[in-house]
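Have a look at this one before I ask anything.
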Amino acid sequence: AQTAPGVTDTEIKIGNINPYSGPASAYGVIGKTIGAYFAKINAEGGVNGRKINYISYDDGYSPPKAVEQARKLVESDEVAIVFQPLGTPSNSAIQKYMNSKQVPQLFVATGATKWNDPKNFPWTMGWQPNYQTEGKIYGKYIADNLPNGKVGVIFQNDDYGKDLLKGLKDGLGAKAASMIIAEVPYEVSVPTIDSQIVQLKGSGADILVTIATPKFAAQVIRKVAELGWKPTHFLNNVAISVGAVIKPAGPENAKDILSTAYLKDATDPADKESPAFKEWEAFMDKYYPDGNKLDGSTVFGYAAAQTMVQVLKQAGKDLSRANIMKEAANLKNFEIGVLVDGIKVNTSPSDFAPIEQLQMQKFDGERWHRFGPVMSGESS
Amino acid sequence: MGRANGAAHPPLLEVKSVAVRFGGIVALAGVSFDLPRGQILGLIGPNGAGKTTLFNCLSRLYQPSAGDILFEGASILARPAHRIAEIGIGRTFQNVALFDRLTVLQNVMIGAHARGRSDYLSDALGLPSVTARDAELRQDAIKLLADLGLAAETHLPVDGFPFGTRKRVELARALMGRPKLILLDEPAGGLNHDELGDLARLIRHIRDERGVTVLLVEHHMSLVMSISDTVVVLNFGEKIAEGSPAEVQANPQVIQAYLGAPA
Amino acid sequence: MSVNEDIKYDAKLDGILDAATGAGTGKSRSLGSVVTLCLLAVAVVLPFVAQGFVVFQLTMVMVYGIAIMGLNILTGFNGQFSLGHSAFFAIGAYTAAILMESFGVSYVWTLPAAGLTAFVAGFLFGLPALRLEPIYLALATFALAVAMPQFLKLTPFEHWTGGVQGIVILKPDAPFGLPLSQDQWLYLFTLGVGFGLYLAARNIIASRTGRAIQAIRDNPIAARAMGINLSLYKTLTFGVSAFYTGVAGALSAIVVQFVAPDSYTLVLAVAFLVGMVIGGVGWLPGSLIGGAFILFVPNIAEGVSKGLSGAVYGIILLLIIYIAPSGVGGLLHKTADYFARRRK
Amino acid sequence: MSAVLEVKRLKAYYGAIEVLHGIDFKLPVGGVATLLGANGAGKTTTLRALCGMVRASGDIVFEGRAIGGRSTEEIARLGVAHVPEGRGTFTSLTVEENLRLGAITRKDRRAVAGDIERCFSYFPILKRRLQQQAGLLSGGEQQMLAVARALMLRPRMMLLDEPSFGLAPLVVRELFQILAAINRAEKVSMLIVEQNASLALELADEAYLLETGNIVLSGPAKAISADESVRQSYLGY
Amino acid sequence: MELFLQQVLSGVANGAIYASVALAIVMIYQAIHHLNFAQGEMAMFSTFIAWQLMQWGMPFWAALPVTVALSFAGGVAIERIVMKPIEHAPVLTHVVVFIALFTILNSAAGFIWDFTIKPFPTPFGTAPVLGNGLLSAHQAGMIAVVLVMLVLLYLFFRYTNTGLAMRAAAANPASARLVGIRVGWTTALGWGMASAIGSVAGMLIAPVVFLEPNMMLTILLYGFAGAVLGGLTSPAGAVLGGFIVGVVENLAGTYIPVVGPELKLPIALVLIVAVLVVKPSGLLGRRTVQRV
């Protein structure tokens, strides 16, 4: 196994693709956090005596560029795996290539449902709970607790938005058609979503489901308050960061918003005191001092990198691509401190969805309170 | 060629009560005159009298509000501007309108555009028929430039030449289209006394050797009066006189509006 | 005529153009051909010495080069401004992808189909463009670039376009059992197509049509008086320009094996424009240099600093512009001029 | 009489090409000089060089100040008005705005309105076209506008490049009368480039003859126009 | 009807955003006869400066004039340092330099202040002034500020010699020099003013869309659309155009059923192009005709 590509006695090469420039550059923080975490691992002696040589490239959120960078990583840098490439379009673009080259495309940073397809794409695996799962949880919750509600949805008009919307409908089940009285998409190219919110309010909905990225979610929260509208508000998980969404939108405007979580919240006083966050804080201070601790992406990258390290540990001496993939599909109740208590990472050869659970939470005007059981799309 | 059998041969150009207005400004107020084949007609008048405007009507850059223009007996008003060159009307411009980023040769070859036949596809494929035709045109143009004393300038970019040279390139460009009628708008602008004489000879040569009918706008009286067969005088968009150079020069109205009392 | 215009570099580009395209005098023609042949020979050998991934990059350079060549025909030679060529690139790419995936058409035949579809789109877009002054045309094309990804996402067409997910295509193998890798074959295929298109563009520029479109650029009123049909040539040029870019789009789809709306945003249109200016507006071989620029320079910038890659890219761009305000073509011309004078 | 303008060893270039090969001339205060010569001799280039519009070397002294190497706008601000070849109309602006621009550097704003009226008295047609886009004027009308715009500066020295270009014979004569009157009344010095040599020589005190970038002949205008042989060989009339 | 009114009002509010950017665009167009693609990023950067000043404890009303002044100086500096060396280069080269400026400013802002959104205070408050929050105090204030800027700009171009000199310098620099206009400085002044106007626009917009490096990315397009629709030569046209774009976009998104919000931007753009085809210099722009 010493001859495995990207692996020597002293190091393993791990590639990554992130949008450091362009419209999605906000997510570049994830790639940087991962780099910082690997630096920490290296400083502490590496994994099984090997240092991680982390090579991260910018694709500007452009699929053709992602293909170029992926090929560069595989053919020129000869990395062992490509870890956490970000964005659905970019991952779609490289998926076929990675699988035909049999290079692990591991723990991709997107919540699309399609990454859990071991039959057709045995070299591609997701990481975070997928959007459909999340949507289903909201749907179930509404069906169970607000059966007479009229649902209005605002969603980002791309696969992420549509995936989540589909989950929501699945969760609502047979009642979906009658309960959802308005579905309003928005394009990422619009400056404001005021018009959409006006439209939704006008529809008479009393439940609002917001499927939006941080900036737009913040706009929704504020506009809803400005309009004096008081629906039961569900906010998707990508936009729950208190620092990056709720604070800018005004915490008072976010009172009583419902959402889900799988990661703990760095801004939550209770979570902050947990040992896992103490560790995280120390890591940030030492290895990523310019990083914004209010930005949830740093926690995300931190947790994802830990998963990667766990896989490497499990793989032991045999760092062949096949074995890495095998171990990635063999995570059993792996715990990450910054994950919500009770949520564990589990995979199997037929289950390429590492994190499948979420817990409902409610914002009290200052912080999120998780409540109820840890749920997956199927159970609860 | 003459007026004797005018009925059988209509004048090459007939301008009939052409009127043009821009908002409140009347640039031409119903001007009429005929230009027989093979003649040189001088069109003069004060600044702003409407001379260039008339040229612009002839090349269909302006639309007359009234009147008609017949060329070889047929109205040209139904033709779009880009289909004027093909019936044999060429022109130069008062302020020189060359294609500044092209060479003198290219400029002149464009003058033959209306004579050529080619399309995007055959040009892209470089079909032998079109390249052969192009080579022929190139030789024509080179010869014409040599005739006009522009041989040395042939392959140079056209901007940066003195005004007089540029005027001559324009003339060559117009001739390249083998026009039956050529409209010259102040061809003598910026020429000195000597050069004026050369120009007069050149215009006569164009008429005599190439059989081109000439409509000439000019403020240099020595030139106009020495080469024109007929002179038409405009003032405020109206024709105030028409006749031989001698007649017009003696016309008191013309003297008052345009020539001024002899010094 | 305005004074102080002795600094009009791009005008002078035509000189180099003549030399490089063989449209000039006999001597420069043979020199130009020799240079072209040498470069071509090097280009053919390259895929056999370079890494697969580098071959892929070089293929993309040619693809972008072809797209920029299309833009150059429109902007450099006809004076019509476009910030929307990503749209025609997208049309070509999707035509190829849909034909291959939904209709099983061979990749070879998708190229003419993509070109023609883009031609029609370009021609139709050229019609309203006729009425627009340059700056307004800039906006209209800008709008086209912004709108295109939106159209590609439209639900009614999702069956063919794959919506936001896009379409994944299979890469073709080398034909006739040639012992070439897919990358090498696509490289040579692209090289052949690109060279053919380059020759055609060169022919156009040196021909009656080429003179006509340049006349329109320099002085539309005079061009009309010379018998040039402005509307026809301008719309046709728009169409031809779109054809080139559409073919490039189809090639990119085949090479990248994937099309999606996010691949064809305004950023791509801007990249084409930058590439054209860097290579030299109105100088066809410059298009390839432009293609190389837009492919490689972002990587270089990223290599210098990840956090500031945009800024580094911008600064590199500025530096190149200061050294060569009229692109590499302008610089070559100035150098050639300098040596010509030294010889005298 | 001291010189308002003194030029020594003036050379000028377009790119690397030298077009003026070191010329010397003088313009006395309140005087009129004319620069004659064939097409392409370098007359326009000389005026451009005086205004810093082309690369030039040599000494240019205006009212005792060396202005060689100064920018065009600074030279204009010293009171030098230039009627350029090609007229330099602001074609997209109105006739009125063109005239106002002529006086834009003047401090005595009040007097400007009066000066516009004065220009109308010289060229009545401009008044009728006041709000029209200047680029739509006829060629001759634009030439009048160019002269009027130069007068609006109330200059101390005027550089006129073929001021009679495209003007009707009657207007040409009036124009030279106007120039003569302004020269007399306001002591404006003038350097005139003109193809109509006889007219220019009538107005001028001094004449310089330029041939491919060199001054080949100079002297009092009267003497030159009186010299039959000079007239025939150089001026051709 | 209710919905219609609401959409119109929300369109007007958005329109004010576009109008403020359109004003900056018209300003720079008058000074350099070109669209500056970096305009939005300059405004964004200015807004970050204001934000930073407030973070350092400066009150809003102090940060505002300081930012405007700094932006003005920054605009002048960009012209003098970046544009001056290539003033004779072809227009397309300038466009590429704008693009370079764009990426530099965007990337630098992301580097310094990162990409997470930041709230930006409004001096007008968010209390509703009309209906049930249909028009907030901020939006009303924004409309008022836009109108005031419009009047000032109009007066500047119409009645001041500097305004005239600026237009002349842009239209024909060579002749402008001949009449004594310091073309370099009028151009720099134009950049400075455009940058200052942009900074005000940025500070008006940031409270609505939140401050982040990409906040002007799409707004600039709407600003262009508004400016072009109204006529690039007319400040009033730009403002009118901005409002029209805002309203039309909302109504198209709400009432054209097949289209829906998905295509509201393309629809608005198609409409603009259609208007331009009929009226090539925009609604209030002055047409300049070429003649021979």
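The first chain written gets the first letter, and so on, giving A, B, C, D and E; residue counts start at 1 in each chain.
Note that a contact is a pair of C-beta atoms (placed from the backbone, for glycine too) under 8 Å apart; a residue touches a chain by one contact, two chains touch by 3 or more.
These numbers were taken from a predicted model, which means no experiment stands behind them.
Q: Between chain B and chain E, which partner chains are common?
A: Where chain B and chain E share a partner, that partner set is C, D.
Q: Once you count every C-beta pair in contact for both, which comes out on top, C-E or A-E?
A: If we tally the C-beta pairs in contact for C-E and A-E, the bigger total goes to C-E.
Q: Between chain A and chain B, what is the gap in Å from one C-alpha centre to the other?
A: Each chain's C-alpha centroid was found; their separation is 74 Å.
Q: How many angstrom between the C-alpha centroids of chain D and chain C?
A: Distance between chain centres, rounded to whole Å: 48 Å.
Q: When the C-alpha atoms of chain B and chain C are each averaged to a single point, how far apart are the two points in Å?
A: It comes to 41 Å between the two C-alpha centres.
Q: Listing for chain D: what residues touch at least two other chains?
A: Each of 14, 53, 84-86, 88, 136 in chain D touches at least two other chains.
Q: Give the residues of chain E touching no fewer than two other chains, as numbers and ranges.
A: Residue numbers touching two or more other chains: 103, 107, 110, 172, 174-175, 221, 262, 265, 290-292.
Q: If you look at chain A, which of its residues touch at least two other chains?
A: As it turns out, chain A has residues touching two or more other chains at 21, 28, 157, 187, 189.
Q: Touching residues of chain E toward chain A in the complex: what are they?
A: 2-3, 6-7, 10-11, 13-14, 17, 103, 107, 110, 114-119, 126, 128, 132-134, 136, 205, 208-210, 212-214, 217-219, 221-222, 249-250, 253-254, 260-262, 264-265
Q: Going by the contact rule set out above, which residues of chain C touch chain B in the complex?
A: Interface residues on chain C, with respect to chain B: 1, 5-6, 8, 10-12, 14-15, 24-25, 199-201, 203-204, 207-212, 214-215, 217-219, 221-230, 236, 240, 282.
Q: Okay, in this complex, where on chain A does chain E touch?
A: Contact set of chain A toward chain E: 21, 23, 25-26, 28-29, 157, 184-187, 189-192, 194-196, 198-199, 202, 214-215, 218-219, 226-228, 243-245, 247-250, 292, 294-295.
Q: Mind pulling up the chain B residues that touch chain C in the complex?
A: 59, 61, 80-86, 91, 93, 95-103, 106, 109-111, 113-114, 116, 118-120, 123-126, 130-131, 134, 155, 157, 159-160, 163, 173, 177
Q: Enumerate the contact residues on chain E facing chain B in the complex.
A: Residue list for chain E touching chain B: 291-292.
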